[in-house]
Structure formats: C-alpha cells, structure tokens
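Okay, got some structures for you below.
Each of the next two complexes has chain A plus one more chain, namely chain B in the first and chain C in the second.
Then we have the complex of A and B:
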C-alpha cells in the first residue's frame, strides 16, 4: 500500500501542469462565457447563456463554420489524399533514389517555414497589380481572369486554402512515407506472383496497411482546419466583406476588436465542443471497425 | 568598537545609495518598432533620465496593428504601462470610462503647463471636461499632388472645390495619366475620405451626435449624399483598390505613376526620405475640397496622436513629468530634426528651421478652425466594423449608398442598446 501511494507522488507534478495549463483554462473559459466583460474593465455582468444564443443567431457564425468546413474538405482531399498519393509514388520506386530524396525534401520544406512568412509570400503572389498569378495570366493572354485573389469575396477563401495546401501537403506526405516504408516487402512480392499490377497493389496492400496513419492524418487535418487563425489573419483579416471569416478570427474579432471577452469565450467553447466531437466521432468510427 | 561603528555606517550608506539609485522605474509603451522613430523615443527617455537621475524609463514598443489589441489586454492586468501611446476619441474614451486613464487636469493647471500647448491639439484629449492626454504628433489628411503631372494634363491650379477636383481627374484621365492612388486593403484609408465628406455634407450637431454610440441614429439624408460624393471619386481610383495596401499605393505615387494621393501629413517626411531625389520639389498639397454642403469648409480631417498616463500607475508625479517632457519643447525640437513631425507644444521652431512643405502642412493644422477625428477611431468598434465592410462594397460598386446607410442604421440601433 505504501509503495503504490508513494508512486502517485511522481505523477502529481505532471498532473498539476495538465490541470493548470489545460483543464483550468477550459473551465475558466466556460465560466467567463456566462458573463459580459472586457479585457480592461474590472466589472463583469452575469448574463447566463445570452452569449450562446447570440452566437447561434449571428449569420457570421455560419459563414465561419462554412469556411472552416470548406477548409477541412479541401485539406483532407489535398493534404491527406494527394499527400498519400505522393508518398506511394515516391516509395514506389518510379524515380531513382536521388530524385526521390530531392522531391521529398523540396515538398517538405514549405511546412517548416513560419505561417507569417508564407502568408506574406502568398500575399505578394496574389497581389492584383504586381503578383505572380496575375502576371502569368497577363502573359498568357488571359486578362479576363485577372482579379484581386485575396480581395475578391468569390476567390479569397480558396486562395487561402490553396496556400495551406501548398504548405502542408509535404508534411502529410512525409508522415505517409514513414507508414508506407513499414509495409513488409514480402506482401508486394506475393502480390506480384499473383499477377497484381501497381493499382491493385495500392488498393489491396498499401492503403489497408497505412490505414491507421491515414486516420491520424485525417484527424490532425480536420482539427487543424477548425483551429485556423494565422493564415486568415495575416492574408485577408477575415475580409473582404467578412467572406473569409473562420471561427478563430470570429473569436478574435469579438474578444479583441469589440472588447467582448465573454462573447469571445463563448465562441471558444463552441470551437472546443466542435473539435472534440469531431475527434471522438472519428476515433470511435475508425477504432470500431477494428 | 570604532571599527564596528564605521562598518555599520558604511553599510547603511551603501543600502541608502542602492535604495535611492533607481527608486522609480516607469514603463513607457509606444507603437513605433522601426527606426528612426524607435531611436527617437530611446533618446528622449535617456535625456529625461539625465534630468531625473532617480527615474528609470523602461521603453517598450509594439507595432501599430497588434498595439490596438494588446493595450486593451495590458490595461486589464497589473502590468499596465505607466505612460502609453493612444489615439484620442473613442479609442481612448472607452479606457477613460473604465477608469484606466489618469485625469491630467490638476497636473497641467497647477503649474500652468497646459498653456504651453496648442489648444486645438489638446482638445481631442478632453473627455467630459477633463484632460486625459497630451499631443505627441500633429496630423491631418491632405491631398498631395504631382505638379509635373498636373502641368502635363493642363491643370493650372490645385482644386479648391469638389467639382474642380473631379474636373482635374477628368483632365488627367484624358491625358492618360493615372489619377488617384488608393490602397484600401486595411479599410482605415476609406474612413479618412468618408470622415471628411461627412463633416462637409452634414450639419455639425448631427454628425457629432451620431458619433456618440449612445445616441447615434445615422438617419440624416446627408449621409447618403456623402456616399454619393465619395462614389464620384471611385472611377478615378486605381483598379483593385480594396486589394492593395496603402503603402503599395504610396510607393506607386512616389514613383510618379499617379497624380494625386490622399495622405497624412506625417507621411510627407517619409516620402521625402524614401522617394526618388527631387520628388519633394514636385509635390504640392491641397485640403479636401469644399463640397458646398452645410458643414464648415475650414475644418480639417486629422487628429493628433498622443500619450496618456495609466490611472493605476504607482508613480503619477513621475509619469506626468515624463509625459510633459516627451511632449515638451526639447523633445519637440528633436522630433522635428529627427522625424520631421511637429508636436503640440507652442513655438518649438520657426519657419526658417524646417522644410517649407513641412511648415506649410503643419500651419494648415495650427490655423484650421477645428480638427475632425479619423472616423475609424471615433466610431464604436461594431459600427466601424459594419461601416468598413459597406464602404469596401461601395468602392467595389457592389453596394448602393442607400443600402450602406441602412446597414449602419441597423447596427447603430443594436449598439445603442448597450448604453
């Protein structure tokens, strides 16, 4: 008995850190969401669930959710889908090992660049007068397609989504490469003997073998899509006309532009509930299949 | 015994020296992270410390955009700066209402130092009859134009009326010269246009009342007229105005690609530093032309920027002393020499001591009947949020003046409920 009680002492510091830096802020945030308060004023007024009813009545909330969902959809298709295809292609020995290493590094490099630097770079690429995209369109005689990619409400969110796909596809590709490399080569040898071609090997051997990594990558990508902030804040600020608002910028706007920390806290709670629910459902669905 | 006494005395003296050597430390926060401005503030702090050896000034800076959010958070903590930068108007007033800013009135009246400042530049820092800040940098918005391009287009004088401005734009267009450089990606740029036009298009008591979030209704038909006036300028802006930053538009103006740009006076020293050699001689200025509305044509859009003292400062006397030094004569002279800006202190320099264009533009401020605050600083944050989106849509020609004002009226109704 003494021995097991003594063991708990080793856990207490780590438990304390988790409680202090993870659970306490969550609980504190939920508490603050029940008040009307600003960051610089000492007074706060209890208003119950008024912040939550306000969120669900606000059209901008639904615009934000829609943008996050769009981001998640494209990210799963591009980062996870295309990243996996790239990994399979690079590991499939279709190119020599030197070229394989070169492509692996080149595709991975964007993911280590800071988001602010990437956003600034993308801002210049999309600039309507001096940007690369419009410059190429002009040279190609496609002047009718020239637009302010980040200032046009129809294209702005897609321009930001494209930026993220460019940045993170390589990262997911590297994760999938690790998973593909772990597949025993004997499985492929047996498949070759049975007459399987590359496509059938991919469908029946590669994809089932890397399923767990696919699940993890999808969860990371979807959770990341709902935590989106810096990409939007640096490029469009949520504009034009609030067309690129996402939950992160919606929350930031409420808390720091409008000085409504209580409302901002309520939005944070909603983001937490959404991402937690998505994670639990995904893990339950995919682990249930096993 | 004697030796022991000597040691005790020496120790006491040492302890006293330590106690008094840096007995006060002031936290000073401003928004200029780049040189030469950041160097200027460091020097002013060091100069002040030499005058007051028992005061140490800890200078900190945060860049412009993040400053607007971080200061709100800092003021809610025990780590608030003692002296900090601010924009007068609603930006500061909300802090005053939350008792975060020190009332400077008794400090300025008891030694008469208030009368050393230009009254029109202290007035923006007055709230409900009390003075809460002092001006650091005078500023106003003027049209800066390229005289060479004007001559090429056959325009012989700077426009005085709005009709003359439109006429000038037409002549520039006919001469195949780009007319007005405008970068509104940050949305604050359009607020300077609308603020000027609103002031000229409406009776003063109407727009002043509507600026008050507790009372503003925004129903006067002059607001729609104001937006129609603004819409007349839109065809003469560069394409994709909402997709270009103000800085990029200014670079293109300095490169001689545009004839006119609506700029802050404080940008003129930067233009003189950064533009190609000889550009300074090519430029002239004119104020926002008279729109022939009910507003006073001699008002000027622009407000000083300044500094205030935190209400929670542990050292109010020292903080106010530093504030007065920062906005006073010696710092003012250094400010003109190093940065080209005027502070609000009277008679800091004579006309022979600065470049003619700097003196000319500053005289516009000092001689104007009244200053009109930047609209985005003066409005309640929620009203400006809607206003800025609607103005972007108007600039893109996807909204009408009538619809814009309907949206403003709706948000104003919601905001009034908060008071």
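Then we have the complex of A and C:
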C-alpha cells in the first residue's frame, strides 16, 4: 500500500506550484536581466551584462543599497537588541504574570496591522502641520526641531525607519520571549547556588541559551530590510528627490514606471543574491534551533 | 516568605515604568488616530489634539464608500482560498514525504524547502510576465496562485516536522484494517494534526491578508484590488478629506486587531512557529 504510483499524486500539486510560480520566475528573471525589453513590445535585444554595469554605475543604486543597509542596522539594534532586552525583562521577576501578558499583547498589536495602514498612519503622524510629532514638539517647547519629517531629504529615511521600529519591535520581542521561556529552570537554580546576580545570570545563562534564536531574529530582520517595499512606497514613494529609494522601489520604478523590464530584472537579481545568501545562513542556524 | 530587599522594588518600578512608556508609545498614536477620525476636517486642522466636539461617525461611512466592500470581499476571497489550498497541498505533500515511499524523496524535500530561500520580490517582474502570458493578469488568480506557491515551502516545513514526530503505530493499524492512504490521511493523521494546521493557517492568513507588492502589481481593476492596496490609494483619493482617510485606516486595521485580541495565543504560537516575518 505504501509503495504505489498513486503516492506521487500527493506530492505533485505542491511541487508543481512551487516549480511554476517560485522557481521558474526566479530563473527566467536571471535570463531576462540580459536583455533590453519593455512589457508592451514583443522584441527584446540581447545586451549581455550591460544592465549590470549600468546598475553599478548608477548613483541611485548606491543610495538605495545604503538606505537598505541603514534600515537593517537600525532594525537589528532596535528590534533585536532592544527587543531581546525587553523579552528578558518581561520574563524576569520584576514583571507580574498578568502585566506580562498585557505588555506583550499591546507591544505585539502593531505587527498584525497591515503595512499600508501603518504607513498611512505614519504619513499622518509625520504631517508638518497637524502631525503628532510636530504637535508634541510644539507642546514641549522644542519648536526648533519641527520639520516636515517625510518631506525633508535629511530626515525622511529615518522617519520611515522609526515607523518600522514602532511596528516590529514587539514582534521580535515575542519571538525572543518564546526562546527565553524555553530555557530550563535548572540552569538558573545552579547559578543561584553560586550566588550569581540577575545581570550575571543574563550574561552567562540567558544569552548563551538563546543564541540561535538571536541569530535567526537578526537574519530575518536583515532579510526583511533588503525586501523593503511597501513601507517606502506608501509613505514617501522613494522621494523626496530619491532620498528614500531602496532596492525594492528602485526595481519597481525601473520595471513598472519606466518600463525597462530588463534593467528591472537585473535589479531583482541583485535583490535575489543578497536575500538568498542571508537566507542560507538562516536555514543553517534555524535547523540548530529546538 | 523572605522579605525582598529595597533594591527589588526600585528595579521593579523602573522596569514597569519602561513598559508603560512603551505601551503609551504604541497606543497613543492609535488613540490619536481614532479621535481625529471622528472630527470634521476644519476641527482636525485647528486642533489635532482635542477630543472631537461632535462625534462624526459619518466619516466612516464616507470612507467605506470609497470601495471597502470590494476591498474586504477580495481580501477575504484571496486569503480564504490561499489558506485552504496552501494547507491542503502542503499537508498532502508533507504526508507523502514523511509516510509514504517515493523515489527521490530527499530531492523533492530539498526542492520544496529550498523555496524558503527565494524572496517574492525577486520573482516579481518575471511572475508578472508569466501571469500575463497565462491570461491571469488582473484576476484574483494572479494573487491566489503565487500566494499559495510562496507559502507552500514554509507550510511543508512546519507540517513535516510535526508529522515526523508522530508515532506510526496508529496508521499501521489502519492499513491492516484495509484503509487506503487517503483514508488514513483524513481519518488518522489530520485529526491529530490540528495544532500544526492551525499554526500554518494563521501564518498563511496573516501574510496573505497583508501582502502588498504582488497585490499592487498583478491587479489593475479597481474592483479587484485587495485591502492593503485599496488603503494605500487613500492618500491620493482622499487628499482633501483627511478625516475620511483616517477613518479608512481604522476600518482597515480593525479585523486583524480584533482577531488578535481574541486569539492572541494562536497568533503568537503561529508566528513564532518558524521565525518568519511579514
């Protein structure tokens, strides 16, 4: 019974879907990146690696990748760094169990709201005249700090980065909380006998025990930073003056606004190489979890 | 019980104060949003901090009329079908990979799990061309099919782990009783796999409900767009009606927030099941 040609029917639908809609586009994308083409004309011209040399000469590419990197840096520091600290506090003895669930749920809420709703809320929070940030600055007597947060090229990318920290710090905190809760209590009991205090227990027991989850969280945060799109598209659209352009919007702009599908595909290959490399690391550490 | 040192209370106070500040940072903008969504536009511009002088629930009606009926209908349809198919196809696949004899099992497994390494963003342009050639562009299938395909690897990954841990004796008994593999799957394996099915369904539902870039590119028809894209268009559609836009943000966020408040345990279990985001 277990050995039957019928068995393959269980696998084929899932495998077929993945091959057709995941693998095929990624492979054909690499092929398309070698051509000059648009979506409406049928002709495409083979141009070798010209799209790639163009990318590496384009200042906008460096603006984009710099913004992705900046976003990754702040997200790792705030979501993973601060989020882990919060998780350790939450599981520690200073927070009662009812308050713990309350804090956890409130901090998690923003991550279930869709990015475009959060982005529009942020668009409003950052509004120069009626926005929350400028309103609070005004009330605090800090009028000199007031600016059009999303329209000022110097502050725009940081305003979007701040939004994502607001949205996702609680999410990573919960991931880390689950990891902290998995640590066997015996480990701490031994430390208490040795007279270790809270800080030393954290350094010597908690952090080493959650090391794998820390790495996984760091990696998914970095991958997320290089796949960035909706956050930018809805708040700034890449502006002002391309100051908040990231790889995702840079690709979208090339392919769907300027109709340069080949060039867009080459940018997609760059995104692919970056996210793929980091994902391989994630797989490696994730299999070490549990 | 041993009396706690004074330092304990100082620390507890500081830690709780930190969390209350964070709670305020999360909840205050949401509260501020809701308050302003109930004002008139002129009141919003004169004072965005005050309590509305009259509660204008008609803003919600105005926002709803911009197309929310379609947004919700499409999002429910796309999410519902995607979740159902993802869970079903992944469960079949994981079942065969853990329980049945198939040639090249390992290869198939790696091929499917390997899909986890591929980001949807890098498939966007080619997928757009493919869907166009298949005549699916600008239909809900243009979202459903890629969503299923991109969620299957993770679903198989989760379910395979769960199925593999499950003892085989029950199934052996069923086989001896003459049940086929399909019957065994439905009546033996599925009933005991509810936790992993729920976790998979929740992760799939959240990510498809909130998905943005495919929904933006693969659908053009105003009547077929999903909630996240519909909401993102508010910025321009309601340029002169700010409070309507704010009401729209609230409407769009309510279903997931309510679902979370009622089932926070399941959300957290699902989302932490595999360390994924978005």
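Keep in mind that, in the parts below, the second predicted complex is superposed on the first by the 263 of 290 C-alpha atoms of A that agree within 3 Å, B and C clash if a C-alpha of one lies under 4 Å from a C-alpha of the other, contacts with A are read in each partner's own complex, and residues count from 1 in each chain.
FYI, a contact is a pair of C-beta atoms (placed from the backbone, for glycine too) under 8 Å apart; a residue touches a chain by one contact, two chains touch by 3 or more.
Because the structure is a prediction, the values reported are computed rather than measured.
Trainee: Which partner does A:39 contact after superposing on A: first (chain B), second (chain C), both, neither?
Mentor: In the superposition, A:39 contacts both chain B and chain C.
Trainee: So, A:175: does it touch chain B (first), chain C (second), both, or neither?
Mentor: second
Trainee: Output check: A:256 vs chain B and chain C. Expected answer is one of first, second, both, neither. What do you get?
Mentor: both
Trainee: If you stack the two complexes on chain A, which partner ends up touching A:158: first (chain B), second (chain C), both, or neither?
Mentor: Touch partners of A:158: none, neither chain B nor chain C.
Trainee: Just to be sure I read the superposition right, which of the two partners does A:52 touch: chain B = first, chain C = second, or both, or neither?
Mentor: A:52 sits against neither chain B nor chain C.
Trainee: Quick one: classify A:135 as touching chain B (first), chain C (second), both or neither.
Mentor: The second partner, chain C, only.
Trainee: Go through the superposed model and pick first if A:241 touches only chain B, second if only chain C, both, or neither.
Mentor: first
Trainee: Quick check on the superposed pair: does A:188 touch chain B, chain C, both, or neither? Answer first, second, both or neither.
Mentor: neither
Trainee: Tell me which partner A:92 touches in the superposition: chain B (first), chain C (second), both or neither.
Mentor: second
Trainee: Please tell me which partner, chain B or chain C, touches more residues of chain A.
Mentor: Of chain B and chain C, more residues of chain A lie in contact with C.
Trainee: Enumerate the residues of chain A that count as touching chain B in its complex and touching chain C in the other.
Mentor: Residues 39, 129-130, 256, which sit in both footprints.
Trainee: Could you please specify the touching residues of chain B with respect to chain A in the complex?
Mentor: 69, 72-73, 75-76, 94-95, 98, 100, 185, 187, 238-240, 242-244, 248, 381-382, 385, 389, 392-393, 396
Trainee: Looking at the complex, which residues from chain A come into contact with chain C?
Mentor: 1-4, 6-8, 10-11, 13-15, 17-26, 28-29, 32, 39, 86, 89-90, 92-95, 99, 101-110, 112-117, 119-121, 123-125, 129-132, 135, 139, 166, 168, 170-171, 174-175, 178, 213, 216-217, 220-221, 223-224, 227, 229-230, 233-234, 248, 251-252, 255-256, 261, 264-265, 268-269, 271-272, 275-276, 279-280, 282-283, 286, 289
Trainee: Within their complex, state which residues of chain C touch chain A.
Mentor: Spelled out, the residues of chain C in touch with chain A are 8, 11-12, 15-16, 18-19, 22-23, 25-30, 32-33, 36, 44-45, 48-49, 89-90, 92-93, 95-97, 99-102, 108, 111-112, 115-130, 132, 145-146, 148-150, 152-153, 156, 175, 180-181, 206, 209-210, 212-213, 216-217, 227-229, 231-232, 234-235, 242, 245-246, 248-249, 252-253, 256-257, 259-261, 264, 267-268, 271-272, 274-278.
Trainee: Where on chain A does chain B make contact in their complex?
Mentor: Chain A reaches chain B through residues 38-42, 127-130, 147-152, 239-242, 253, 256-259.
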